[in-house]
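Should a chain be cited, it is by its letter among A, B and C, assigned in written order, with residues numbered from 1 in that chain.
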């Protein structure tokens, strides 16, 4: 597959590992206190585990798996709210497959579907819009999940809905933006994040400039990386180089996809349709300042929460779950007392086990049998 | 977090929609975020884009793609030169 | 007769008419047409073939009913025939039970029954007994079919998971996940257009030359759960480990495209016409050659081996080994 296979070549991966091993010798880090690189994004987490890249790194470099998994950080109560909407009369509830099996307080969307709710899996918000046009007497609600990568798709869909004067299409807005959560993590006094591998696909929308504050205010090097093994390893090498020289900046490794300025059309659509207003709850992290994504007044008519007048739903996680500790690098997934001991992908006790790209779920799925638990 | 796949645009319609091809799999996609024409007025037919949730989100820059790989080849060569194996 | 109604399942004249017009006519054979309450199969002919009877049952509830490469009827015959065939036996006789939803189109039922008759005839299988029920609208989804069948395991064939040993090679007879990828796209209406077909097929011809070959330990046809599910069954039964090489897995470009687009893995996608075979190391090359000489086996490959450390694992392109989990649920498409 073009633009994929070239970045998976074993020769290229081996060359990068050799380069990293040489760089590792010059790093001011050891196996007992390694260079901790936070890879923010679930897509990176998934690729790292799928290709085993963490196993190939030098002993004094390791990954911390960040909170960039929109399903993982979705507060449990929001699923109950979604099911609540789906149970209303004449509603067709549309969702990405990712959210179908996430349990709320007592059930998930897939179970609600089996009980008779009209819940449909879609690949694109435009599929939901099409359903609204095909079923003018139904109320079609789209479960809008995802970071800035996915938000422009929702925005364009809503712009189209407005232009076509649709009155039976709504979104249940659970979009989140990346930076508030990173600021929240960096503000934790005892976080051990030394560097950041930023998500390439969020960056293709927002560009490179928004990350500048991490270098200037928090003195951490930043590389924007793609998702193939070569991209990830090259990004690590670029971060290691910055750590060796001590000269930090925002570097764009994923230039074939990420323009430094981002996607202007997408940014305009986001500005028109969405705004950040108030604090937002992230499962596993708690309340994040200025993180609540809502619709602008011009698009308020499409807000499912306003339209359906939903009650507040707060559902707490197991107090023994160490999700927050894992997210700031204090704890490895398998060090949580609940890991594979009551908490597994089938019965997720916390945020990081809920979706396949959560750190705990990835560890459980890909590494459970192999782990030689090395204590750094 | 976001599965984005490189795909080639194999058809463009008048209404900002098009057909993308990934390894023989084709799907209708929306081109509003990248436009049906590039900055020189050339149609995007045949160009490669990054597809996510049914939208083309970014146009793949072939020159940059090659430079990433060329950079790797230099690493590869340097690695072998250092080890004196070439 | 436009649609199926409750009378067709009531045991009275309606049932008789349906039987006469459709099943008896399409499945015609002397055993069925004797119209006894049971099929009476002469034992003597069977007894001469071997000591063991292989007997299997399977139910089919697939949606959509008709898909590129097959339909629920073809699947119903192939599924049971293949379950028998992987024992070394050849299925000669099959039963089928239908549960039909009131309101089902008669034309659609006829298409399915034609497909069953044609598939059975190609396999030399007779449908010798059956049953039909009709349930009220909504009690089933259009049509459910159960087939059961048996065949005699030839005297010289001793395929069993008990024979699996460390060092044995793991082979597949062709590309992974064609059926699952085809069905997922249709069922969930993902809007992907792709020249992909279910690999639904009778495997008896592919298996025939293997019956006389040395070194074959056991085989399964990969169905729901894909090749991964079979590997887990082998691992569980033998208490040994199954280790596959990711780069050795034969996968069609289109299936790979679907997997990359939706964040899925071909080892977990269903197949309906592929074998997973455990072969002694010294015989693996020869078995591979024999498979590849046949149309259904042209993409056959050695994908891994049996090791002493229990569990199921996959080694990736960079030499890193990872657990190959058996998913609790069928994986759903991801966008994240």
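Operating definition for what follows: a contact is a pair of C-beta atoms (placed from the backbone, for glycine too) under 8 Å apart; a residue touches a chain by one contact, two chains touch by 3 or more.
Keep in mind it's a predicted model, so treat the numbers as computed, not measured.
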Which of A-C and A-B has more C-beta contact pairs: A-B
By mean Cα position, the chain sitting nearest the middle: A
CA centroid of subunit A to CA centroid of subunit C, Å: 38
Mean-CA-position distance for subunit B and subunit A (Å): 22
Residues of subunit A touching at least two other chains: 1, 4, 42-43, 69-70, 96, 123-124, 127, 146, 150, 357
Sites on subunit C at which at least two other chains make contact: 190-191, 253, 256-257, 260, 262-263, 334-336
Of all residues in subunit B, the ones touching two or more other chains: 1-3, 5, 22-23, 27, 52-54
Subunit C contact footprint on subunit B (complex, rising order): 1-3, 5, 22-28, 51-54
Contacting residues of subunit C [partner subunit A, same complex]: 188-191, 253, 256-257, 260, 262-263, 311, 313, 316-318, 320-323, 325, 328-329, 331-336
Complex interface listing, subunit A residues touching subunit C: 1, 4, 8, 10, 13-14, 42-43, 46, 49-53, 55-56, 69-71, 96-98, 100-101, 121, 123-124, 127, 145-146, 150, 229, 345-346, 355-357, 364-370
Residues of subunit B that touch subunit A when the two form their complex: 1-6, 8, 22-23, 27, 30, 32-35, 48, 50, 52-55, 57-58, 60-62, 64-65, 67-69, 71-72, 75-76, 78-79, 82
Subunit A residues touching subunit B - in the complex, by the definition given at the top: 1-4, 6-7, 11-12, 15-16, 18-19, 22, 41-43, 68-70, 96, 123-127, 146-147, 149-150, 152-153, 156, 199, 201-202, 204-205, 227, 230-231, 234, 253, 255-259, 263, 265-266, 269, 357
